[in-house]
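Okay, so chain A shows up in both of these, paired with chain B first and chain C after.
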Partner chain A sequence: MNQFGVLLKKEWRENLRNYKIFWIPAVFILLGIMEPVSNYFLPQILDSVGNLPEGTVLEFPVPEPEQVMAAIMGQYQLLGLLILVLAYMGTIAGERKSGTATLLYARPLSFSAYFISKWVMAQIIALLSVWLGFLVGYYYTYLLFGSIDIMNLLRFVFTYSLWVLLVISIVLAASAWMPNAGLAAAASLGIIIISQVVDSLLGTYWPISPLKLSVYAASWFENGPDMADFWWSAGLAVVLIAFLLLLGIFISSRKAASTKV
Partner chain B sequence: MEESKLLLLLLPVFIIQLGLMIFALVDLIKIPYTNGPKWMWGVIIVVVNIIGPILYFVIGRRNY
Partner chain C sequence: MNLLEVKGLTKSYKGNLAVDRVSFALEERTATALIGPNGSGKTTTLSMIAGLLKESGGSIQRDFKSGVGFLPQYPQFFPWLSALEFTEMAAQISGVDGKKARQQSIRTLEFVGLGSAVNKKTGTFSGGMRQRLGLAQAIVHQPKLLLLDEPVSALDPTGRREIMDLLKSLQQDTTILYSTHILNDAEKMTDQLLFLKEGKLVEQGSLSEVKSRYAEPRIRLRFETEQAAARFEDRKLWPMNRDRNVIALPLSGEGPTMQQVLAVLANEESGIAGVDRQSASLEEIFLKVAGNK
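Let's look at the complex of A and B:
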């Protein structure tokens, strides 16, 4: 436990010094602001830059506040996940390359404390960013479009948080597995994107899938997901996260020898 | 009135943007070397809105 505390402190200091603790939340907050504002001003924006012929009349339905929150989530699914993957691709692979790992591995190191300290710090920053982004996004949505039932909003945010937990677990396991940061990013993006494409193409045949967590998150705003499907998917996500944790610990101890001096 | 309302709404965006730029520049000055020439990253951080500082943190900064 003591070793874990020391390693966690190291992770904290590292994230503070490379400014990840500042810029990742900043990106999510920016995305959270831009979506409601650009939705609200869409008619004016089209008017001034749309190159529409004189006299065009476009009637835009005003989006529901729920749709705006779901649109923010859509932005996070694209840009947010990309940022998270790129920010954490080097967590372990990069450390092996830079030589920090040599300093660590030369000591009697508990690899579970090592991997879990990284996992915990990455998750804290990722969830903090997503929550802050949704909070600021909701503030703007509330000002411009109206309010949302707070329980549905919380369910939405927590369901999405579970998906973020899974994504970060995939990134860290890939970072432990791959020889360098670039390959780790490619592997985790590949896994996330391909599995999402497969799930959206063939996914109608299996309602239980952790990849559908984002869809289920948005469906809280309508009638809510099918409870059995939702809980099975959430449970499966938790099992996968636990498996990726164990895998990451195992691989990082097995590949310790590949460290460059 | 719409224009001034938009400016007010976007004020936090400008503040965050400025904050990102300052963080990136301070880091650029302190760090011994980056991927690619330092002056180039200085230009990118200042000129490219929002994405510039983020690009610097993701690619330019040698975390490892």
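Let's look at the complex of A and C:
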């Protein structure tokens, strides 16, 4: 077997045996269920815990199923990304810090195979989690609020998946760069949060931005994004992902000497 | 034939020289002990030869393709892999292909005494087992050069003996460079001694060469009683030191030869109980080299 296959098998065993393959999708599924369910039962929930004065009448407009799906994505943007960052912050930095990388680096290791195997496994689990979460979330949304046009739903999921690919690429490149897992998490969260804040404050001046992928994803439910802006943003995201991959390979090779001997 | 040639090897960290112009060569199928006090640059030297660290200067010339086996002082394994899975992965990354990797892994694990633990997770291993697994992953791909950083210092005397015996049996087709501060071991398995101090190579040669350089050989006379020893000392035949009933005669300088001493002892009732020739132990040499210069 070539090195990539060997290393991918190792990553698979790692994610299986430390249960990442189970608990990360579980979190996304849970978030996916909670959004439609809590929306549906909001009046009853408020009724029982709200401490509202006797006779209060609250009228809630029943949300559209599309709005519920967009709200699930909103949860993923906050909690989901945090979970992914924390789960994969130590992918490389942690191996160097603990010294487990030493026995790999002392061999004729291909750092492309090394980095890409980690990237592929993390992406598989992240996408699997997001897809399963959306799938289960949509099932409840469908039961409680009604159906969504399937093409729009797929466009929505794939657009958001591209954003997830970018996020994981950032996390892994940061993990290759930083001396330990905590700093890698801080760096990735810093980059993702700050750039999103900047984009939402000043972003009206540049419609082409990978940071708008989540906005564009949700807009499939309305009139759809401006196609030129969307494709340019998606293309830019792909270029960024490729760049982060190359950067990650380069840095993990350059910083190999920092592994604990 | 030289398997490895190191010339002027240097490593500096922000201006501090951790290894300072070290040169040596390893002949094929020999064992070389790298000794020296803590912080003398042993680990740094091994790391550079293993390819983990980039040298700041000098050159490392390897005359082989089949790779290096490296055992760090505290080997760390992925706790969720079994011993066999880890060893197999190590072999495959070093270029051994699938089926062969598994066979060689099983054989190697049996060789290092982990035959009954092949399917156990490495996270449950004791210190001794980790060291054995560390050795297994270093030799599983049958490298020509084996680099071992303190291979036995974490082990108890029994484990130490066993690992040293394993290493000796590997010597037939492997070149071994190992660091140690357990000088007894170095004395038992070494064709060449390299003595590092503050990053510099301060002493180098075969065990007997180094010993003869520092030896100050002595003849030791053990008398039956202290009085007999005192009587012998009073004759002031040669320069000597007495410690109770034992007299030491330095052989260098104005000292006598063994024959002269035996002749004197044969011709009288000296009450002698034993005669032997002593040379300095590696430990004495270590203390001398580490202390001086």
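We adopt the following convention: the second predicted complex is superposed on the first by the 260 of 261 C-alpha atoms of A that agree within 3 Å, B and C clash if a C-alpha of one lies under 4 Å from a C-alpha of the other, contacts with A are read in each partner's own complex, and residues count from 1 in each chain.
Criterion: contacts are C-beta pairs under 8 Å (C-beta built on N, C-alpha and C of every residue); 3 or more make two chains touch, one makes a residue touch a chain.
Owing to the predicted nature of the structure, the values given are computational and were not obtained by experimental measurement.
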TODO: Could you look at A:108 and tell me whether it touches chain B, chain C, both or neither (first, second, both, neither)?
DONE: second
Open item on the list: A:34 in the overlay: touching chain B, chain C, both, or neither? Say first, second, both or neither.
Closed with: first
Open item on the list: A:10 in the overlay: touching chain B, chain C, both, or neither? Say first, second, both or neither.
Closed with: second
Open item on the list: Quick one: is A:18 in contact with chain B, with chain C, with both, or with neither? Answer first, second, both or neither.
Closed with: both
TODO: For A:182, select first, second, both or neither according to whether it touches chain B, chain C, the two together, or no partner.
DONE: neither
Open item on the list: With both complexes superposed on chain A, which partner does A:98 reach: first (chain B), second (chain C), both or neither?
Closed with: both
TODO: Would you sort A:74 into first (chain B), second (chain C), both or neither based on which partner it touches?
DONE: neither
Task: chain B and chain C footprints on chain A, overlapping residues - done: 18, 98, 100
Open item on the list: Looking at the complex, which residues from chain A come into contact with chain C?
Closed with: 1, 3, 6-7, 9-10, 13-14, 17-18, 98-100, 102-109, 256-257, 259-261
TODO: Quick one: which bits of chain C touch chain A in the complex? Just the residue numbers, please.
DONE: 43, 47, 50-54, 67-68, 70, 72-78, 80-81, 85, 89-90, 92-95, 97-98, 134, 137, 149
Task: chain A residues within the chain B interface of the complex - done: 18-20, 22-23, 26-27, 29-30, 33-34, 37, 41, 44, 83, 86-87, 90, 93-95, 97-98, 100, 136, 140, 143-144, 181
Task: Footprint of chain A on chain B - complex, ascending - done: 2, 6, 9-10, 12-13, 16-17, 19-20, 23-24, 27, 50, 53-54, 57-58, 61, 63-64
